[in-house]
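Two complexes follow with subunit A in common, the first pairing it with subunit B and the second with subunit C.
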Partner chain A sequence: MDYLALYITLKLALVTTAFLLILAAPVAYFLAFTRFWGKSFVEALIYLPMALPPTVMGFYLIIIMGPKGWLGGIWGALTGGSLLFTFLGITIASIVYSIPFAVQPMKAAFLKIDRRLLENAYILGLSKRAAFFRVIIPNSVSGIVASAVLVFLHSIGAFGVLLMVGGSIPGVTRVASIAIYEAVEMMNYEAAGLIALSFIPISYFFLILINKLHEVSFR
Partner chain B sequence: MTISASFKKKLKYFDLDISFACNNENTMVMIGPSGGGKTTIIRMLAGLDKPDEGQVIFDNEIWFDSSRRINISPQKRRLGYVFQDYNLFPHLNLFDNAAFAAADKKEVEALFDLFKIDHLRKRKPHMVSGGERQRCAICQALARHPRLLLLDEPFSALDVVTRRELREELKKLKNTLSCPIIYVTHDINEALFLADEILPVVEGKNDDNWLQRTITREPGAGGAKGAREPRLALVY
Partner chain C sequence: MKKFVVISALIITAWLMPLYSWAQDKISVAVAANFISAFKEMAADFEAKTKIKVDGTFSSSGNLYGQIINGAPYDLFLSADEERPAKLKKDSLADTPFIYARGQAVLWSAKKDFCQVKSWLDALKNEKIKKLSIANTQTAPYGTAAKKALEKVALWNALQEKLVIAQTVAQSFQYASTGSVDAGFCAMSATLSPEGKKGCFFVIHEAPEIMQAACILKRTANRAAVEKFVEYLSLPAAKEIKRNHGYH
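Right, the complex of A and B next:
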């Protein structure tokens, strides 16, 4: 069995989840608590990766991260290396691909918080920043965990985007879903079946976790 | 310590235009029919709403002055504000709620003893009764050493017996406090019981005759509804 591919998949999903939780929290706060002209356009833009075909996403990421793209150009000037076909490259792709799944549940959880609680926090002397950490975050735990689980599950399933940006380099960018595809291509059904089977308990466990969280938050 | 304020603000159904002052150790009760702008006035005192025009002066400190574009944030006004039922943070137990902005945790313990909720300190807000929650909300506001205490219908979500108990506790407490208290209610009995001064507010304006009209049940605008409430309260 291709343990290396499974390892890359889990590593990628964990790194993506950790980064996105930190990245999505201020974005979700911004969407939940501010009002400005054109907000719905900004919001739609943030959710766009959810609506676009993965290959379209992959195509644009190749353009941006390639040696002539702005991100790839900056990276090349700084390090002399390329972003395409590296673990960092697929991590960036995976983060962009999963942004909507991180932002949405968090935003929904933030919106559920009674504004009067925040007003009381301000009256009790808390700055907006302190209120975010002492009132908003602790009262949104279920939404934040839901974000984390969704991002994790979505990342372990990514295929098209990663294949376009990272190719299939064993131990670097070959994730389990690509390994399954290649094994099937080579008629190696036993190898494909083993990796596929290992996904079932992982995904099943996280779905149960999500359900439990819903029960807790609606109690 | 004296708080004096004058406000003008355009609201949906009427224009609010009022000025008043409240001295140290005095309790001013703002009374009037629902939807008359009482809560808006309290929110403007706290800095949560902005008046169109006016000023708020606390002692020599300017909290708000529209002509000089001064507007001190609620964080810096250091006041206590007890709402009807939204003070407590659901993720914290009663003690942590009261100690949320406390200068000294020991004082919270003393307050909990005073309000007889010490045995509930580890309970979350949803696990205790409405009266116990409001007791804790008052502790939370007092533990911050407020320079001004605002109470916006703090007991109106409670049953009559608990409301009376808390009203009496508050009356005892106010003698030990050295800050002005502004209390909002639409219950005349409560107003007469607690007030040193009464400020009737009707449609955003001070209307000294409102109380008279309501008590004597003179037929007139808004009188009939106001008259029924004290009569009902007399039953208990």
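Right, the complex of A and C next:
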């Protein structure tokens, strides 16, 4: 069985989840608590990766991260290497691909916080930053965990984007979903079946977790 | 804050966790899809003899070529044609190419009665043949060769509606062997696999012989190991494996 591919998938999902939680929190905060002209346009832009075909995402990521793209160009000038076909490359792709799934539940959780609680915090002299860490975050744990679970599940399922941006380099960018596809292509159904089977308990477990969280947050 | 610490710790562990030993010599090879089974056997044999690990990435030659142009970190490219390695050499991305195998396009079917006629042309005339798979004629050299043969016998246009395009020649064989299509244009190597022996095939003499060229990529970080593998490719042991897989 291709443990290496499973390991890459889990590593990618874990890194993506961790980065996105940190990245999405301020974004969700601004979407939930501030009002500015054109907000709905910005919000739609953030959710765009969810609405686009993965190959469209892959195409633009190749353009941006390729040797002639701005991101790939900067990276090339700094390190002399390419961003495409590296673990960092697929991590960036995976983060962009999952942004909506991180921001959406977090924003919903922030919106559900009782405004009076926040006002009390401000009256008691908490700064906006302190209120964010000491009132908002502790009161939206279930939403944050839901974000994490969704991003994690979405990341382990990514296929087209990663294949386009990362190729399929063993131990670097060959994730489990690509390994399954290739095993099927080579008619190695046994190998494909083993990796496929290992997904079922992982996904099932996280779905149960997310349902439990929903129950808790609606109680 | 506590959560942040836990998450950071997780990231660091994930980044640092080496699953396989770094000390081992390793090369990464981009392999044209028709050559997968031969490559795997050779890689295992080479690894046992030299302790150098050979990792393969498999796709159509055109796809792999695109990846290499965009900076994919392969050490060696085993293409299914001569043009792409030559282009890489011209763009000074690769050393001088060399031929490592000669392949043949075939028409394969999982149904044995498919071959109970004289030639592949007669077989195609059969009304019962509804779908045929062919590898992408632009990115897969075996697809290109099959197209050339069909054009030569003036069947290319007539067969358009029956053709199902596969991404690689391996996929074309997969479609045929699972019965998704009635027959498929494949590589001779596929007919010699355990699955391939269950069906029957016609050699397509109208298709040009496929000269498969390889080239060492200039960006390789492990030149000594790659050169050793290239040397191995022309040793009797490797030649034997290639012959067993239908190359000459």
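To be clear about the criterion, the second predicted complex is superposed on the first by the 219 of 219 C-alpha atoms of A that agree within 3 Å, B and C clash if a C-alpha of one lies under 4 Å from a C-alpha of the other, contacts with A are read in each partner's own complex, and residues count from 1 in each chain.
Convention: contacts are C-beta pairs under 8 Å (C-beta built on N, C-alpha and C of every residue); 3 or more make two chains touch, one makes a residue touch a chain.
The structure displayed is predicted, hence computed values, not measured ones.
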Practice item. With the two complexes overlaid on their shared chain, look at subunit A and say whether subunit B and subunit C clash or fit. Key: fit
Study note, to complete from the structure: Across subunit A, the partner (subunit B or subunit C) reaching more residues is C
Exercise for review: Name the contact category of A:66: first (subunit B only), second (subunit C only), both, or neither.
Suggested key: second
Exercise for review: Using the touch definition from the top, say if A:26 reaches subunit B (first), subunit C (second), both or neither.
Suggested key: neither
Practice item. Tell me which partner A:53 touches in the superposition: subunit B (first), subunit C (second), both or neither. Key: neither
Review point. Touching A:186 in the superposition: subunit B (first), subunit C (second), both, neither?
Key: second
Exercise for review: Examine A:116 and indicate which partner it touches, taking first as subunit B and second as subunit C; both and neither are also allowed.
Suggested key: first
Point to revise | Shortest CA-CA distance in Å separating subunit B from subunit C in the superposed model | key: 16
Review point. Do subunit B and subunit C land on any of the same subunit A residues, and which?
Key: none
**Study point:** Contact set on subunit A toward subunit C in their complex
**Key:** 3-4, 7, 10-11, 14-15, 18-19, 21-22, 62, 66-67, 81-82, 84-86, 133, 167-172, 174, 182, 184-187
Exercise for review: Please give the residue numbers of subunit B that touch subunit A in the complex, ascending.
Suggested key: 46, 48, 73-75, 77-81, 83, 86-87, 89-91, 100-101, 140, 144
**Study point:** Contact footprint of subunit A on subunit C as seen in their complex
**Key:** 1, 4, 7-8, 10-11, 14-15, 17, 19-20, 28, 33, 36-37, 55-59, 67, 70-74, 168, 170-171, 173-174, 177-178, 195
Review point. What does subunit A use to touch subunit B in their complex?
Key: 114, 116-117, 119-127, 135, 138-139
